[in-house]
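Each of the two complexes below includes chain A, the first together with chain B, the second together with chain C.
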Partner chain A sequence: MSDTTNQLLDNLNALATGLFLLTAFGIVAMRQARGVLNLFILQSLLLAASAALLGFRHHSEHLYGVALVNLISKPIIVPWLLRKTASAEIYTRREVDQVLNIPTALLIALGLAILSYFLAQPLLNAVAPEYRGPNVPIGIAGLLIGAFTLSVRREALPLLIGLLVMENGAFLAGISISRNLPLLVELAIATDGLIIVFISGVLIRAVQKHVGTTAVGELSSLKEATVEPMEKEGTK
Partner chain B sequence: MSVLLVLLLPLIATALVCLPFKKSWAAGVTVVFSLATLVLSARVAWLVSAGNLVTTDLSIGWLKWIAVDGLSALILLLIAFVATTAAIFSVGYMAHGNLKPGKLRLYYINYNLFVFSMLAIPVLAEPTLVWIVVELTTLCSALLVSFENTREALEAAWKYVVLSLMGAGMALFGFLVLFAAMQASGSNDAYTWNNLITAAPTMPPVLLQTAFLLILIGLGTKVGLVPMHTWLPDAHSQAPSPVCALLSGIETSAILYVILRLFPVLHASPNSHAETWALVLGLISVGTAAFLLLQVKDYKRLFAFSTVEHMGIILAAVGLGASVAGYSAMQQIVSHCVTKSFCFFAAGATLMTVGTREIAAVRGLIRKSPIVGAALVFGGLAITGAPPFAVFLSEFSILKAGLTQKEYVATALLAIFIVIAFFGIMLHINRMVFGARENETVAESPNDHSEPENKFHLPFSCQLALILAAIPVLVLGFYIPQPLHDLLTQAAAALTK
Partner chain C sequence: MFNHILFNLVQVLVVMAFAPLASGVTSRLKEMIQSKRGPSIFQPYRDLWKLFHKDEIVSEDSSWIFRFTPYIVFVTPIFVALLIPVLTNYPLFFAFMGDMIGGGFILALGGFFATLAAVDTANPYGPIGASRTRMVGFLAEPVFMIVFFTVSFVAGSTIPYIVQEKWVTPMANFFMPSHVLLMLAFLMLILAEGGRIPVDNPTGHFELAMIDESKSLEYSGRGFALMKWGGQMKFFVLMCIFLNVLVTPWGLAGDQTLSAVLLAIPLVLFKIFCFLLVLVVIESSLSKLRLFRISEFLGAAFITSVAAMITQVFLP
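Coming up: the complex of A and B.
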């Protein structure tokens, strides 16, 4: 392959990963639960695009497999599974009272993204030049921003998406530095993601049925100081 | 071949449990299949204790990634043991709840799947596959934690899933970095624990260290190391008691096993600080748990915090130096496993007797049910390391190893925390079992006379499980059989390879 093609592929990959980072910011800022899901789907498509571009660039059929698995599992099966397990109500929720207001949350997310560039630098210096690229820092940023989303959101769906964003981040970094993992492993990891969605969906539905809220993050009756007195159990 | 069967049996049991027969069917199938798993695991452990590496001799698909050495065989055996006693305990415990047949079937389906996912952890030798089954243990047990569908149980399950998976995300990245490190070392071998050790000397240290820290923190969340422990007392106290025995007794150790697998890899690499990390994190966990134990209000949380403490002790023991304290650390894993599962059976029996989890509401248990009261005291003494029980022996040898390593400060801290935890647990248990009821002392109510009548009878299966679990707790306190000794030696050798 000529140098110009490689240059073009690298640039396209940089574009895909850059957009990936933008969707992570979008997930932090978006209030509408439905919108968060859509952004996540978009992010998974970008992850698949990055995997396909890297696969083409480095002649690795294995990365095509990753792209295909991501293309099928996240944009199609995840929403379908959510519809099957949790009720439609979780889509309609709008989170008004976040722990942090949106500008603050975005600023922190931005800080995390910058931090991840510093964290990635020593790792990138240790691997061969062909493994270097924007994937590792942006993947770490996805990991951190996903964890951050988990700590500031209260509604069920954004929390679940936060978990999946973390996984997407780990993957995005993984496809560039460890691209020869057996495809079987990738398949299993993708299946695992689906089980996460399934179990969380079931749990969300149970919370909604028995507790009557979809703001699972607000549950806080289990603490050292106030163990549920037994009278409450009786009155239920 | 028996390794493969060990994995297949719980899956077959899951399929059989799905069949809509009457209530006792699911319970019976689970007991029989877990017994069979135990026998097969014991056979595998026997082969391994002679110094063999047990594989499937097949090289297709993921089967080629099955390999059982001393360390794996030990964990495998313990998982199968607790799975069996917990299955026996479940018979009486779940019948007590008067559940609908469908709900009960759901319990056993999840139970067998959970046991399967745990058994797969030590058997698989490919790190990313191990990561997947670790994740599966979270997912299979989540619905068991939320099984009672109360507000608290659901909250505990949700916290459990979110925090464990958050840790898993970090650990996944850690395992991918580890793979990158292996490739950067120029090794083209398959990604397995053993090949990692071979490749370690030429790995870039920065990649290896990063991977280790990511995995330590990521999986440490699931082990319940402080400060990532916040979900553990909730999940380990809200689940039905047999599940608590599995979660607390062995699941935490099985995850810790994955972390321990990295120690020989880091050993082979120049100037790694794995031991220091383990010692510091372990001591913090032991200390925090010992003080949190004092203010607990729920007796199942009491044992859950004790798990945090014990995981800290094991990690600190490895941190003291795997070559000296490795054997003791393995011994501690065994004694923790048998004792903690016994404690949760005793706690489950208490819950069946009094119907509340609150420590303050339970007084004079020994008068209401002598066997349950005695079991609780036995469990309390055994888990806090009183002689002549198994935990005493292993904790003692860890402290001894600490002194021979000249780590005086760490050893002293460890000893102090263990003593604090002893008083914390025994204070609560003593009040629960022997304490006088508050209204009893204030006014002699006529209820007092009727008390012998409402004595509680523990179902036979629960009694059997308590006895079966008590045998190793007591026996391992003064005698370690030769095959187990060989297995422990093999396991400790795998830590220092």
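Coming up: the complex of A and C.
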């Protein structure tokens, strides 16, 4: 392949990762549960695009496999599973409340993204120069921002999405470091993700049935007595 | 040399002549989306003509700032039009007098005087709108700064003529993440600075909800015409910076002849028309944000611009 094509592919891959980072910020900031899910779907599509571009660039069919697995499992099966297991009520919730206000949360997420640059540096020094792309630092940023989402969100669905964003970030970093990850491993990881979604969906439904709300951040006590007034709050 | 001065003047004339047209086209397109016929696209020219022939009333309690401001608001976009590429992709006579930051400062000067003039007459609605404009302005300022820093970081310069070359040499550079993210951030900035819909409603005439428009409430006659024309030119100049410097230099004149420069006029107008189509779709599909949500909108723009810088650092 010519140099210009390679440069174009590198830039397109970098663009996909840049937009990946942007969707991660969006997931931290978005209020509606539905919007968080849509952003997650977009992020998974960008991950698949990055994998496909890297596969084309380095002639690796394993990466095409990764792209395909991502394309099927996350944008299609995850929303379907959530719809089946957790009820439709969680989709319609607006004004998902957070521990921190949105600008503060975004600034911290920004700090995490800058931190990931320093975290990625030793890793990048260890690999061959042609594997050094923006994937590793942005993947680590996705990992950290997903973990951060887990800690600031109080609603069940965004929490679950935070977990999946962490997985997306790990995938994004992984596909650029190793070209020949066996497809079996990819499939196993993807299935793991789906099982997480399935179990969490069932759990969300159970929580909602017992407590009447999916704002799991407020469930801080094990006693029945404190749960009672929660029910009134849950209907607000 | 003489040619360059002439082309520079042509640029200014284009900005002056076509800024009201851009505003007319926008409102016409918006009405068409709402299944109405709408006013003619030449309506802004008629408005300006009418206003220039009307009497001007100036409050006795106002100071020199009030009388002086329309001229500043009118002149500042013209100065910026001297600095930026409107029609040519090679630097003109005044190109190295100031860079994009200089242009930003000149535009901010117009905004500053407009704010002072709004407070000057002690009309109750003026200061409300002025303070809101300042709020939007100081939230937009860091985004402007980061956008300019990223541009200078990527292209190695803030002179617009050098920056525009960077995005298309080689062509693959067009897809650099920093480029696309900068475009997104600057688009949000244009919406905020131009008083467009997610931030402000340009067609709203309800004083309590006004942000940008309340600054010219007290003006009449010639002063109002100058304020209006100046505002339209400011938006036109911002669009030129966005389309010619940050998006692509396509359609600009490359030859140093008058015919090439004149040929560039319809091409640039076509680019602006395409941008207006996008703008109208954005304006028609979103609703105006509540006042305290504007900080989140501009926060998103800030995050986008910083993400542009971060991804540039991440590139090997």
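The rule we apply is simple: the second predicted complex is superposed on the first by the 218 of 236 C-alpha atoms of A that agree within 3 Å, B and C clash if a C-alpha of one lies under 4 Å from a C-alpha of the other, contacts with A are read in each partner's own complex, and residues count from 1 in each chain.
By definition in this document, a residue touches a chain if its C-beta (ideal position, glycine included) is under 8 Å from a C-beta of that chain, and two chains touch if they have at least 3 such contacts.
All figures in this text were calculated on a predicted structure; none of them were measured in a lab.
*Asks:* Clash or fit: how do chain B and chain C relate after the overlay on chain A?
*Replies:* These partners fit in the superposed model.
*Asks:* Kindly classify A:Met166 by the partners it touches after superposition: chain B alone (first), chain C alone (second), both, or neither?
*Replies:* Only chain B is touched by A:Met166; chain C is not.
*Asks:* Just to be sure I read the superposition right, which of the two partners does A:Val127 touch: chain B = first, chain C = second, or both, or neither?
*Replies:* In the superposition, A:Val127 contacts chain B only.
*Asks:* After superposition on the shared chain, which partner residues are touched by A:Val211: those of chain B (first), chain C (second), both, or neither?
*Replies:* first
*Asks:* Using only C-alpha centres after the superposition, what angle do chain B and chain C make about chain A, to the nearest 10 degrees?
*Replies:* Nearest-10 rounding gives 160 degrees.
*Asks:* Looking only at chain A, is it chain B or chain C that touches more of its residues?
*Replies:* B
*Asks:* Contacts for A:Gln7 in the overlay, against chain B (first) and chain C (second): which applies, first, second, both or neither?
*Replies:* The answer is second: A:Gln7 touches chain C but not chain B.
*Asks:* In the overlay, answer first, second, both or neither for which of chain B and chain C A:Ile196 touches.
*Replies:* In the superposed model, A:Ile196 contacts chain B only, not chain C.
*Asks:* Have a look at where A:Leu157 lands relative to chain B and chain C in the superposition and call it first, second, both or neither.
*Replies:* Once the two structures are laid over each other on A, A:Leu157 reaches no partner at all.
*Asks:* Look across chain B and chain C in the superposition and give the shortest C-alpha distance you find, in Å.
*Replies:* 18
*Asks:* Which residues of chain A touch chain C once you look at their complex with the stated criterion?
*Replies:* My answer: residues 4, 7-8, 10-12, 14-15, 17-19, 21-22, 25, 29, 102-103, 106, 110, 113-114, 117, 120, 124, 129, 132-134, 137-138.
*Asks:* Applying the document's contact rule, which stretches of chain A touch chain B when the two form their complex?
*Replies:* On the chain A side, the touching residues are 122-123, 125-128, 131, 139-140, 143, 146-147, 150, 159, 163, 166-167, 169-170, 173-174, 177-178, 180-181, 184-185, 188-189, 192, 195-196, 199-200, 202-203, 206-207, 210-211, 216, 219-222, 224-225, 227-230, 233, 236.
*Asks:* What residues of chain C sit close enough to touch chain A in their complex?
*Replies:* Listed in rising order, the residues are 170-173, 175-178, 180-181, 184, 295-296, 299-300, 303-304, 306-308, 310-311, 313-316.
*Asks:* What does chain B use to touch chain A in their complex?
*Replies:* 61-62, 126, 128-129, 132, 135-136, 139, 142-143, 146, 149-152, 154-159, 161-162, 165-166, 169-170, 172-173, 176-177, 179-181, 183-184, 191, 204, 206-207, 210, 233-234, 238, 292, 295-298, 301, 356-358, 361
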